[in-house]
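In what follows, chain A forms one complex with chain B and a second complex with chain C.
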Partner chain A sequence: MEAEVLSKNEELLKRALYRERQARFKAEDILEKKTKELYVVVEHLKKQITDRIEAEKVIKRNQAQMIQSEKMAGLGQLAAGVAHEINNPVGFVTSNLQTLKKYSLSIKKMISEYDSLVSSVQSKDIEKSVSFLTELAKTKEKEDIAYILDDLDNLVKESIDGTNRVKEIVKGLKSFARLDEAEMKEADINEGIESTLKIVWNEIKYKCEVIKKLSPLPMIVCFPGQLNQVFMNLIVNAAQAIQEKGTLTIESFVEKEDIVIRFTDTGSGIKPENLEKLFNPFFTTKAVGKGTGLGLSVSYGIIKKHKGDIFVESQVGVGTTFTIKLPMKGAAL
Partner chain B sequence: MSYKMLCVDDEPGVLQSLKRLFRREGYEMFFAGNAHDALEILKKENIHLIMTDYRMPEMNGVEFLKKSIEIHPESLRLILSGYADAKVVCDAIDQGQVYRFLTKPWNDEELLESIRQCFEHIKIETERNSLLQQAKQEIKA
Partner chain C sequence: MKGVIFSIFNEMIEEKFGLELWDRMIEETKPVSKGIYTSAQSYHESELFSYVGLLSKETGISVEDLVRTFGHFTLIKLSKLYPDFLVKDFKEFLKTIDSVIHAEVKKIYPDAGLPSFTYEDPAPNQLVMIYKSPRKLCHLAEGLIAGAAEHYQTKHKLSQTKCMHLNDPHCRFELTIGE
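== the complex of A and B ==
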């Protein structure tokens, strides 16, 4: 009887054990499956993250390229103008120097005859002296010394003016481009406006009178070359908006925590329906080949990068005002 | 008879240097700082040769030459410019009917030689015309 009970118990125990083992196997199975699933998910996430990092890198690179290519397109349009601006003074200065060479030959001839006259006077040879004197008078007439003497100062003055102009243009170009500056640095915004004006002067001088109201500004930490690119866009746009003749007023001042730069033109104005699209990439109302449609969108990007703001007010037939606000604290990136 | 040449450029420095360059060439020289003044001169003087800049305020060189053709169609026209993209050159040829397109900065000797050749061309043209005239009259007689 006792043995019977025992074996029954054993039987029960065995069964219970079996059930438990079955359950454990099942649980382990599920766990393994879940672990596998989790592993796949983690791998997927990892890939997503690396893809994303890669994509961000590409976007950053593309943005940098876009800024650069927009700058180059803008510069390309200006290059012809700058070339003209340089070729004029180089042309007349070169020609003046050639003329000066001829003048110097004439003057040297006079001096050498004068020397002969002096030595004949010193040796008291009256006959020779008289003959040299007449010769000298003849040469003076023939070489048109009076004209040369009259013209000489002007020639030199005009040539110095010419070379100074070339110097200014090149200086402007250099400070405009600031190609070597990939990092932020302290700069004077007014200086940037002035050097940009020098570069675009040839584009705008026949169309607009530029009124500058630049108040002294504190130096701010920025990408000076990129800000100049923004100024160039706004100035050239303003000039292009002016049909015949108009004015462009450039103001700069400090307001609370910001430096404010304002470009106001008396051009044709922007239609209300175009105002909101103005900063979109590739939006342009200019003729094919006249604009990339990137100028303002790149400008917008540059100002945002400086933690600043850019906005526009415009009235058709009256003109347009672009206002830029840059935080004086600079754009700590 | 001395030949008359008109130089048009909005850049005083350029006009001054051209004045110096052509001073002893024996041409009768006229200078204008803009297209408007140049047209006034053209109305008064029988100019043989016009040399103009392209980029000028109000009226560019090609527009000016177009107007000059109405006054003096027989003049020879040149452009002397530092701004020479293909479109400008084409316009100069098509609309301005230019004889030569010269570029800035120029070389003095080459410029002088070009101008001498221009006047040579004008001289031959005038001779040819007068000979033709003569021949016509002889045929009539």
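== the complex of A and C ==
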């Protein structure tokens, strides 16, 4: 009887154990399946992340290319202006040099006759001396030496001025074209504004009277070339906004912790609905082919990179003011 | 219905009535699962209802009372398996069932068919729980609430003012907590 109970209990336990074992197998099976599923999901996620990183790289590359092309467009615009600026003085200096070459022939002739006179005087040949003297007076008359002497100073002064102008332009270009300097360095914002003005002068001089109100500024650590690019954008935009004649006022001053640079034009102004789109890439109201629509968005990027701010206020028919604020401290990236 | 409920049911039967009865229940009700349950899988709730039906016949205890007892037993078991979900007090715990506990269950078992609870909180010592489930297991919910009250050693009075078994759209538990 007892043995029967024991055997029955054993049977029960065996069955219970069997069920438990089956449940465990099933659980392990599920675990394995879930692990595989998880692996697939993780792999999928990894791939998504890699794809995303790749896509971001492409976007960054494209952005860099766009910024580069905007820079190139800006440089192209510049090159045309600068070519004109240089061509003009080079033209009149060349013409002056040609005149000077002619003058030098006349002067050489005079001196050669003078030399002949001197040697005849030294040899005490009165007759010859008188003849040379007459010749000399005739040549002086014929070559218009009086005029040459008078003009000489002008030509030289003009030529020196011309070459100085070329020198100034080249100096401005050099300072402006710090565009690709990769490192931040200390720079004077006012100097940047001045050199930029020199570069774009040809483009704006017929339309804009430029009023400069530049207060002395402390040096700040920045990418000077990039800031100059921003200034050029704003100055050229201002000139383009002016229909016939107007003024562009450029101010710079220190306000609290910031350097403030303000460009105010008396141009046509910006419509309110366009104001908020102004810094968007590719937004332009200029005719096709006239603007890339990148200038202000690139400018915005540059100012943000300097931890600064750029604002715009505008009234249609009155004009536009762009204000840039650059922190004196903390511009370092 | 999730396997963990069946495993706990199995444990309750073994603990309260012995292995022999559990073995017989499987033998007689012939569940598709053959009485082999893992918490990661779902099984048809009819298996549980068959067990309870048989148990009621065997013991003479009503199905409702058995389900209630099972709810009570289940909560005590679950509180040992998942102690982190037992927040500071009884009322707070009841309020987390829908938003925290069921949300966690969904994370592990996205296919779990869970009841829904909505709440009314008319006074600090009162709570109204509105239960909706196609399985109509309000007695189980009642047992679970009783189990929770025991865990928190909190006295409560529960009156069910609406019941899906009486063709109401939902079951309504009105609780008064404390003495």
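One rule holds in what follows: the second predicted complex is superposed on the first by the 312 of 333 C-alpha atoms of A that agree within 3 Å, B and C clash if a C-alpha of one lies under 4 Å from a C-alpha of the other, contacts with A are read in each partner's own complex, and residues count from 1 in each chain.
The definition used in the following text is that a residue touches a chain if its C-beta (ideal position, glycine included) is under 8 Å from a C-beta of that chain, and two chains touch if they have at least 3 such contacts.
It should be emphasised that the depicted structure is a prediction, and the values quoted were computed from it without experimental measurement.
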item	value
Chain B versus chain C as contact partner of A:Ser314, first or second or both or neither	neither
Which of chain B and chain C A:Ser299 touches, first, second, both or neither	neither
Touching partner for A:Thr264 - first (chain B), second (chain C), both, neither	neither
Chain A residues touched - chain C or chain B, whichever exceeds	B
First (chain B), second (chain C), both or neither touched by A:Val90	first
Contacts of A:Leu13 with chain B and chain C, given as first, second, both or neither	second
First, second, both or neither for A:Ala23, with chain B first and chain C second	second
Set intersection of chain A contacts, chain C complex versus chain B complex	none
List of chain A residues in touch with chain C within their complex	12-13, 15-16, 19, 22-24, 26-27, 30-31, 34
Contact set on chain C toward chain A in their complex	7, 19-20, 22-23, 26, 34-41
Chain A - residues contacting chain B, complex	80-81, 83-96, 98-99, 147, 151, 154-155, 158, 161-162, 205-206
For the chain B and chain A complex, residues of the former touching the latter	11-14, 16-18, 20-21, 23, 55, 57-58, 81-83, 85, 103-108
